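Two complexes, one shared chain (subunit A), two partners (subunit B, subunit C).
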Partner chain A sequence: MAKKQVLGVFKTADNAVMAVDRLHESGFTNRDWQVLTGSPYPEGAFGEWMPKHRLYAFPFFGAIVGFTVAILVTAGTSVANPLVTGGKPIIAIPAMAVIVYEGTMLGAILMTIIGVIFESRLPRPVMGLYDTRITEGYIGIDLNCPDDRVNTAEMVMRQSGAVDVKHQK
Partner chain B sequence: MQDRVVLGHTPQEVDARINRELLTNVLYTERRYWIIVGFLALVVALAGGAVGYMVNKGIGVSGLHRPVFWGFMITNFVFWVGISHAGVMLSAILRLSQAEWRRPATRAAEIVTVFALMTAILFPIIHSGRPWRTMYWAFPYDFARGIFPNVRSPLVWDPTAITTYLTSSIMFVLVALIPDFAVARDRTKGVAKAIYSVLAMGWRGTPRQWRLQIVAGFLLSALILPVFVSVHSIVSWDFGIAQSVEGWHSTVFAPYFVIGAVHSGVSAVVTVMIILRWLFHWENYITKDTIDSLGRLLIVVATAWFFFFFIEILYSIYTLEDAELGLRKMQFFEAPYSWLFLTFILTGYFIPVPLWLFKNVRRSFKWMFITTILVNIGMWIERFLIIVPGLARKQGLTFSWSTYHPSVIEILLVIGSFAFVSMNILLISKVIPLIPIYDIKEGEILKDEIKIGKVTVPAAKREE
Partner chain C sequence: MSSTVHDAHTAHHEGEGEHHYQPQVLTMPHAEVTQTVLRVASTMGRTYKLALALFGGLFIAGFIAFIVRAQDGFDTFTPWGYLMATFAFIFTTAMSAPIFSVTQRMVRSHWRRPMGRSAEIMSVAGIVGALMFIPLVLMLPNAADRKSIWFGFPGAPHVYQLAGLIGIALLGMAILYVSSLPDLAAIRDHGKGWRKSLATKLAPKFRGTPRQWKGVKAMLMVLGALYFLFLIGVHTMIASDFALSLVPGWKDAIFPAWHAISGLQSAVASTILVTFLLYKFGGYKDYISVDQFWGASKIMLALSLLWMYFWLSGFMIFWYGRQPVEQALIKLFFAESYRFPWAMAVCLNFAVPFLLLIWNGARKSMIVPTIVACSILLGTFFDRIRIYVASFSVADVRADALHNIHVEPFLENPPPHLPGTADVFMILGGIGGAIFLIMLAMKFFPPISIWEVTEGMLYRKKKRFLKREIMVMGKPD
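For the complex of A and B:
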């Protein structure tokens, strides 16, 4: 069955939690909905489902890539132009360590940024149902709902104190 | 007692007021803003003209000559790298320690970092006299002759470290800005809305997105802190590794430079925050508590810096080497260096720190503004006194000794650098909120009051 998005907009967190509880009583699971808020709430405040993220893996991967590239650049350029300066070896590890360290950190940081964006499922070209009041303190419950249950979902949200309910046409 | 911010009653009133007040600088502009920006742009244009003149006429128009080939421009480079350290360090440490008073301070600190670093990186390039030639030295690119940068030189380490730090700092700021771009997207129309929509990347504010924002804040803080330490250490090695200059070849330089950078940088953040508070009417956000906390931090940082300064001097004198003693004698007792030294030590430590011990001073915007400006006057002179006297006595034979007189061009460049940083901070304030909106809102959600005996005291629940 085709699914539609239903968005309930609530004034308080208590109303939103009430709506969530009633949605569960109506047979929806916490994988069917997500909360939209304008600021971070403590984890689990709405009993939401929080899939695991893999953000911690990204900096490790980035660090390995950065380390490898930095080794190749420093050793490669030294060997390409083998000019002895100050009697030091062509491949001078203490000197290379500085650049390799920076390269490693840069790789780790850049991959962390990519990781944050990727794991946040951004960029999101199509916003879907949204309400600009969410960034003004209202709380949105975005429900993924079968076509034939849209009316039930809307009724549950209104009974729980939603100030507005929108759904896809 | 902490002065609590009363922003409204319902969550909607609180959020609407935070949005309105913190987006004021983005959505509306007062006339005085453009007057200040216009004046700063004029100074920057003058400095730009000075650079053009120097490129056209050659480095001879500066006061640099044998044996002092590093003067105001390199002093300014070290100074601005130092200033840049406050920002991300402050932001990172306060995030990791979950200090509640960090909320209004972090973004301004990060923005100071970015623009200070951008300014710093310009100076060695300008100083080279032929800026385009710096490409040969810094980038691993073969310009037809098969000559690559010498990775064994600290002068190659510098651009590597600074580029890493600058890239990381910009990314750190941008990631934390995504939720605030969404707020701006929801409050603007037309072209501005289209631009903020692209920048917000479709942010909706799901728990997963918030969770990742918080984790990213911690993770990036932890990753940037070692970079921050490395950058000023590497800048210090520009000097510390040079064996032939008295006063430079010191093992203590790396930690001494890092802590000095934090001292001047945190002071600069306080100065900037006080100016922004005045300019954008952010009395509800940058409170007496905020600068009081920064003042306490400054006492610790300044004293740690003074300890390193003391041991740097002590170690150099303890060697009883004639050349080193001669240099220190010149720094401490021979004009004009002696006057500069006195000014530096008074403004860098002995005037501000005793004043910060008084709560009334720490909670006074006027006094904190004056004292933090003093610190940076002192810290600029400190860098000058590290660089120039050593070079003036670099040669073993006395007939090669000389001193340094900055030219008008160099003075213009220094003044222009301050105008450049200030102008950029003001210009970026037209595009992004300089106080993190979502962070302030989170603080409002977690804020509480608890009753202990007969008193009610402010409290905050700690975010996970």
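For the complex of A and C:
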């Protein structure tokens, strides 16, 4: 069955939550819709589905790469130019520690940036249904709905106080 | 001020006539915040246009002065001392300002919401800073045959200095862009003319889904951590290559750290000053209150104490060391040649902030933290002159140290180098150019973060508690 997007626009968060409850009563699940807001609400405030992410893996991988590269650079340059400074060993841990720390952090952070872009699916290829009132504090419930249930979804949203309901053409 | 905005900051204690301070609680609808902030940000009054013309004119005059001075070449350091001091001032104040927003966002302070964007917008001064920095960094000799922090690294110091400075400038502007993304979506939805077109290009697909909000917040955290890492590193590199390594025999491990502390102190001071200007003249009275000044002034006091502590820790070594080179350094930087800028720096960066901000009543006001912020910025200006003009003078007197590893330490004390007409115009041009760009950016990026202010409104409520009203605050994470 083909699916269509339906966007309900609500003036208050309470109406949006009521619509979500009624959609669930009508057989929709929280994987069928997402909430659009003009400012960030606490996670789970609308009972929305929280996608699992693997962001933690990115900095971990980056840190390992950064640490390895930093060790290779510091130890490698010390061995390549064996200059004894202050009677200390050629490969001296205190002198390497700062570069290794910076390298580890840099690797972790750069990979986290890549991870955030990947996990956030930024930039989005398509805009999808939208209403400009969302940046004025209105709440959007963006429902992914089978063709034959569009009318039901629209009715539920209007009964819950939607000020507008838009359909995908 | 709108009566529906934030209720009085002081609540009358019935019967006793006492006034209890109450934090800001905004009660206006989200739509009103969006409409008023966008309206004010897109309106440019006559005074604003005149100020833009003035600072733009100063920038052009400064550029002409630079061209005139460049006719004499870049073979000697002394003529460029004031350009370096001006660059260092812009770097220490405006380019370091985003650190205020970064750190306050990390510790989830709520009072910073209306002032964080001011700090981020100042990152655009990095464009002027980078333009000034390029000729200065090219003046530095190769690090291979002299004492520096680079130990003969290939490409040092030029490649790393440029990468560091351009990196910090780009990171600052990246933080501004990511932080403004939801507000750019609001301009896209409700703006007009070129602002709407540009915002549509910059925020084409932002809809406000939970995944996008999570992405914006996570990206701000990560960019913030990277910015912090870079900022301290670039402060260290600039202090080491443009001051320490030019003065043979000047060994001070605390100086670069002190330079970075000075950057943090000036970052808070610049943000407070810009926030005050936005409150007083910018048309944002509904969103800014004593909360922001009270919160920031505590940090400013702590950093002023730290400024003195770090300086004293470094100075103690010279004071008690009493080696000939240490005596010469004390004469140059503190006691003789650059005594006046040093006295001004101690007075304006430490004494004034300390003596004024130790009083809670002073911290809990708008005007005193602003006066202290101006004092710190002026003190930092004198201090950058003291450090870099003095170091550049020594670089010419002891040019032998720029091309030899084994050289005698610096023992002379060159006279103070006073600014000429071209120097004055380069100073005014550099600072004017930075202010010009910041003012211009404020007419596109809303200086009050709409999404952060409206998010704060979700969590703050006023509630009656016995005989007075208190602010109740929710903390979702």
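In this text, the second predicted complex is superposed on the first by the 156 of 169 C-alpha atoms of A that agree within 3 Å, B and C clash if a C-alpha of one lies under 4 Å from a C-alpha of the other, contacts with A are read in each partner's own complex, and residues count from 1 in each chain.
Just so we're on the same page, a residue touches a chain if its C-beta (ideal position, glycine included) is under 8 Å from a C-beta of that chain, and two chains touch if they have at least 3 such contacts.
Nothing here was measured: the structure is a model prediction, and the numbers come from that model.
Engineer: Name the contact category of A:M155: first (subunit B only), second (subunit C only), both, or neither.
Structural biologist: In the superposition, A:M155 contacts neither subunit B nor subunit C.
Engineer: Look at A:T74 in the shared chain and tell me whether it touches subunit B only, subunit C only, both, or neither; answer first, second, both or neither.
Structural biologist: The first partner, subunit B, only.
Engineer: What's your read, subunit B or subunit C touching more residues of subunit A?
Structural biologist: B
Engineer: Is A:Y56 touching the first partner subunit B, the second partner subunit C, both, or neither of them?
Structural biologist: first
Engineer: In the superposed arrangement, does A:I93 touch subunit B (first), subunit C (second), both or neither?
Structural biologist: neither
Engineer: Based on the A-chain superposition described above, do subunit B and subunit C contact any of the same residues on subunit A, and if so which?
Structural biologist: In subunit A, residues 34-43, 48, 50-51, 55, 77, 81, 83, 102, 105-106, 109-110, 112-113, 116-117, 119-128, 130, 132-137, 140, 142 are touched by subunit B and also by subunit C.
Engineer: What does subunit A use to touch subunit B in their complex?
Structural biologist: Interface residues on subunit A, with respect to subunit B: 11-13, 34-43, 46, 48, 50-51, 53, 55-56, 59, 73-74, 76-78, 80-81, 83, 85-86, 88, 92, 95-96, 98-99, 101-103, 105-106, 108-110, 112-113, 116-117, 119-128, 130, 132-138, 140, 142.
Engineer: Spell out the residues on subunit B that touch subunit A in their complex, using ranges where they run on.
Structural biologist: Contact set of subunit B toward subunit A: 10-16, 19, 140, 142, 146-153, 156-157, 160-161, 163-164, 167-168, 171-172, 174-175, 178-179, 182-183, 186-187, 201-216, 219-220, 223-224, 226-227, 230, 234, 438, 441-442, 444-446, 461, 463-464.
Engineer: For the complex, give me every residue of subunit A touching subunit C.
Structural biologist: 34-43, 48, 50-51, 55, 77, 81, 83, 102, 105-106, 109-110, 112-113, 116-117, 119-128, 130, 132-137, 140, 142
Engineer: Which residues, counting only subunit C, touch subunit A once they are in their complex?
Structural biologist: On the subunit C side, the touching residues are 29-31, 34-35, 151-153, 182, 185-186, 189-190, 204-205, 207-219, 222-223, 225-226, 229, 233, 450-452, 454-455, 458, 476-477.
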